[in-house]
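Each of the next two complexes has chain A plus one other chain: chain B in the first, chain C in the second.
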Partner chain A sequence: MSEIKNIKNLKEFSTSADRFEGANLLCPGCAHSIIVREVLNATNDDLILSASTGCLEVCTAVYPYTSWDASWIHIGFENSSTAVAGAETMYKALKKKGRLKQPERTPKFVSFAGDGASYDIGFQWISGCMERGHNMMHIVLDNEVYANTGGQRSSSTPIGSSATTSPEGKKSYGEKRNKKDMMAIMAAHGIPYVAQVAPNKWKDMVKKIQHGFAVEGPVFINAVSPCTTEWKFDPKDTMNIADLATDSLVFPLYEIIDGRELNITYRPKNIVPVEEYLAAQGRFKHLFKDEYKYLIKEWQDRVDEKWAYLQRREEARI
Partner chain B sequence: MAFDKMELQKIEVWDGNRAAAQALRQAQVDVVAAYPITPSTPIVEGYAKFLADGYIEGEFAMVESEHAAMSACIGAAAAGGRVATATSSQGLALMSETLYQASGMRLPIILNLVNRALASPLNVNGDHSDMYMIRDSGWIQFDAFCPQESYDLNLIAFRVAEDHDIRLPAIVNQDGFMTSHTAQGVHTLSDDEAYAFVGEYKPMNDMLDFEHPVTHGVQTEEDWHFEHKARQHNDLMVKVMPKIKEVFADFEKLTGRKYNLVEKYDMDDADVCVVCMGSSVETAREVATEMRAKGIKAGVVGFRVFRPIPFAEIIDALKGVKAIAALDRSSPNGAAGTLFNEIAGALFNTDTKALLSGYVYGLGGRDLTKAHLTALFNELQANVDAGKVTTQLQQFIGVRGPKLAYL
Partner chain C sequence: MMTKKGWDEFEIGAMLRTFNGKIDDIAGTQQQDRDYSENSSYTASVADWRLIKPIFNKDYCIDCQFCWVYCPDVSIISRDKKLIGVDMDHCKGCGICVEVCPTNPKSLLMFPEQADEESEIANWPKKDEKEA
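The block that comes next holds the complex of A and B.
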């Protein structure tokens, strides 16, 4: 039987047996590996994992090596969700037929993908998996850019960010579009659980991952993953940037149950101005020129508005 | 087992799609992930209905695209069980990325490819442009000329593909509508006989063996990529043909129906012959018999296996022939036809004196008539008499407008 792993403190958590090895090629300071370890350490159950083409994939399974001590599959850029959905379908078939080698075990099926592989090219595949009700979890490692191909904009790239295909320049402040609201889109599928998480709030994350593993049906998790290379901050500051993301409410932490019930899971004691979050990253440096400062104000307004909306949703219980 | 067996007549009236669906049922496929497309849809509908009626224990995932269908098939096969699906034309085009991934990951998935033209212009009828499009994708390709063969080759395909020495996916081709929707008498095996022939699925590197975690779908660059591809090619070239022959022999023992890598008809003393695939083979055989009555020594060669290419068997089948017509049911779009090139490549270093010409026919379901084939055999005989190809090397037959000929 599946049981919820009891985790007392960070020391105990961080010394859990790793099924994702430190031996990988991710950049120093990359939040991907932190998030993946936090997810994997949230359970003692067997794991069937997948990754879409992207940083996580190219840095963890370069033949003849692998960083994964759990079954793992990569097919292509767009289909990590469907790869795991296929494995989960086979699990159901073999369970029915009494052909599982270890029938008493309760595996968890998890797909990882970047924001490009989730918000853009893999969007349809994820929607299909969520709609069909596979017993699986899709986790977006959301660094708001195509990092593996060198920093092109995705539909998760926020307005004002300088990406290589929406660069800032003499006549441009960079990306012109607001970030796509994947949380709302996924919740609209009516799936049992949708949540946003951040690596710095590890207790909140573990609780959500464990909740996701406990429910029957598809789960969507959006994890903010600060990218030292493309967000342009010092590798030692990953967790500081994550703190600024959650405490400025640019990345509010919340969950949506059954597509309806919204709960805010983290309320910063001291809300940090969005300006501080932006100022800490090179990708927003140009916004601090006089002619673009209005964008920072607009951004703060948007964050305030979204926060007010989330609170109203939470209160209304609808 | 908690499913019902089906009592079949010794001969059932099935079209090619029904025959394939029944073979999937008898093989007790664990997972089918599929997306509908004409004319292949009835195959997976058949599986879904067998499941709904309790004739199969398994799972059917009706996904949101063909790309997702093959993606789910790959995940399911890597998890460790028997997997099959079906598609045609545009569906195959959409899933083509994943076909290379399935074969590179050495996952023995069975794909029923009901051959259909590729747009544009959009067309739902049979030709071989889909089959040709993915010929380098590393899948084994069988070709069924009629519903009986659709049934038989599906059962055979599982045995070949899933063998631990092979571990490669396989396609069973049949012509859209001409085979897939044309009912004929099909000799059946009982459920027990068919399942005993196909055998239990034996997992290998299965993700669901939790004691032995496995990494599927790794990255290799210039240091290892070539070795992986070379090894896959080597297995296709060296291991697959003997395995197919072995399974064909076992199947003959069981059913009396004999299959060959290339199917020869009246080839022993043939002067002229047509080489083609799909339902055209049967038409060509009928015309060849008529030509014999008129004094022309005509024969027919059909490719039973298109990938890997039966190189030695092609050379052997065409030994002593004086004129050969390669019939391609796909627009080469700026080249000689695929069968033309395969045959030319096979014969080039032999001492053949055969005259080889190519014909493009039947695009988008256009009929290949007996009259076309009669004229074609006469043309081949004229080539033999003249001692040279009297026409251009590539001709289009059955197309309206002025005669099209090239090369």
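The block that comes next holds the complex of A and C.
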């Protein structure tokens, strides 16, 4: 059994020796690398990692460089999850046969992918990994758009957002469909742990990642990743936008254990109106025109409804 | 100097080694004690991306480590719970560290790339009474 790293406060966390390097080519202010650092620094165990095609993959492995200080595989758009599942299966088989050179080491298997690679392109592959019960974690860096290829909509793009394939204009307010509820879909697999995290809540993140590493079986993590380029805000504001996302409850932080037990893990002291979250980002700018203002009200209603639902689920313990 | 390969000279399934030789306990070895290979982006620099840069003034720092945890580019150097400074080869000048710094005046501020560190620290802004 591996030891859980003791991280009581931020000062202790800051003694971590990073296993992710700078001089990668992610945009200045990109939340992806903040999330990756928080995840990797949550453990001292060995790491077997992969990344699906997306900003994180292409920016951290530009030949002849790698930004990873752990085993990491550069793979296709759809299959970061199955690559890691394969490694995990091999590890188990070697262990059973007594052929591991250092059986005392307890590596953690983690696949990273964006929302495009998780909600759309890698969807069935992730579902397969979850259903087969691999001892692995899949982490979505959810920036709600195909940022790597120029800002096309994904099934995670929220309603009213302007994306290059669902642009706002004279006849359109942008994306027409609601964001897909991946948390519910993954929880429906009945896996031991599903959680939503945000980089600005580092402690909540570390706790959930450590819980995910400690359980036997598949773990699904959805991490909100504010994107300075496609969400259109100043790079210095990444953490401010993440604060607005969690405090307006557009991205509520919660976990679902064994597909049933739902716990809300963060209750903002002052709930911020959704309008403030939308107003801080260029991708929603057009919603503030008179003809589209009704959409802001609809947004707020949807967020309120979801929050009420989460609270009822938490109380009901079912 | 490493010779770069053209697009048609790649081996299929190329493997890059981050370190020269072997490190048994990476998670317990800080950057300065690691023998990075020329394939690690640690050995590269993105300093030329910056138009503005952070300057760190340790007089006001309370070592809260917010800047350490929220820097996307592993550019805030912290050892033994103390903030040491900014890694200017890897900092992209995003300004997040300044935004999250809670002191008054801030212990990190952004300046034009060509600014002189010593004179900026000597002329550091005073405490903002409105904010206090």
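We adopt the following convention: the second predicted complex is superposed on the first by the 313 of 318 C-alpha atoms of A that agree within 3 Å, B and C clash if a C-alpha of one lies under 4 Å from a C-alpha of the other, contacts with A are read in each partner's own complex, and residues count from 1 in each chain.
Throughout what follows, a contact is a pair of C-beta atoms (placed from the backbone, for glycine too) under 8 Å apart; a residue touches a chain by one contact, two chains touch by 3 or more.
From a predicted model like this one, the values you see are computed outputs, not experimental measurements.
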Aligned on chain A, chain B and chain C: do they clash or fit?
clash
Quick one: classify A:G128 as touching chain B (first), chain C (second), both or neither.
first
Just chain B (first), just chain C (second), both, or neither: which does A:N240 touch?
second
So, does A:T265 touch the first partner chain B, the second partner chain C, both, or neither?
neither
Between chain B and chain C, whom does A:N44 touch in the aligned arrangement: first, second, both, or neither?
second
Where does A:Y63 make contact in the superposed view: on chain B (first), on chain C (second), on both, or on neither?
both
Identify the partner contact of A:S33: answer first if only chain B is touched, second if only chain C is, both if each is, neither if none is.
second
Touch test for A:P199: chain B only (first), chain C only (second), both, or neither?
second
Applying the document's definition of touch, where does A:D18 land relative to chain B and chain C: first, second, both, or neither?
second
The clashing stretch of chain B against chain C, among 23-31, 221-229, 293-301 or 311-319, is 221-229
What is the shared patch of chain A, the residues that chain B and chain C both contact?
61, 63-64, 66, 68-70
Which residues, counting only chain A, touch chain B once they are in their complex?
46, 48, 50, 57-58, 61-64, 66, 68-76, 78-79, 82-94, 96-97, 99-102, 105, 107, 124-125, 127-128, 131-132
Help me check something: in the complex, which residues belonging to chain C touch chain A?
2, 4-5, 10, 14, 16, 18-19, 26-31, 34, 38-46, 49, 63-66, 68-75, 78-81, 87, 89-96, 98-100, 110
Note which residues of chain A are touching chain C in the complex, please.
10-26, 28-34, 37-38, 43-45, 60-61, 63-70, 199-200, 202, 234-240
Using the touch definition from the top, list the residues of chain B that touch chain A in their complex.
1-2, 30-31, 33, 57-59, 61-65, 67-68, 71-81, 83, 97-98, 101, 105, 206-211, 213-221, 224, 228
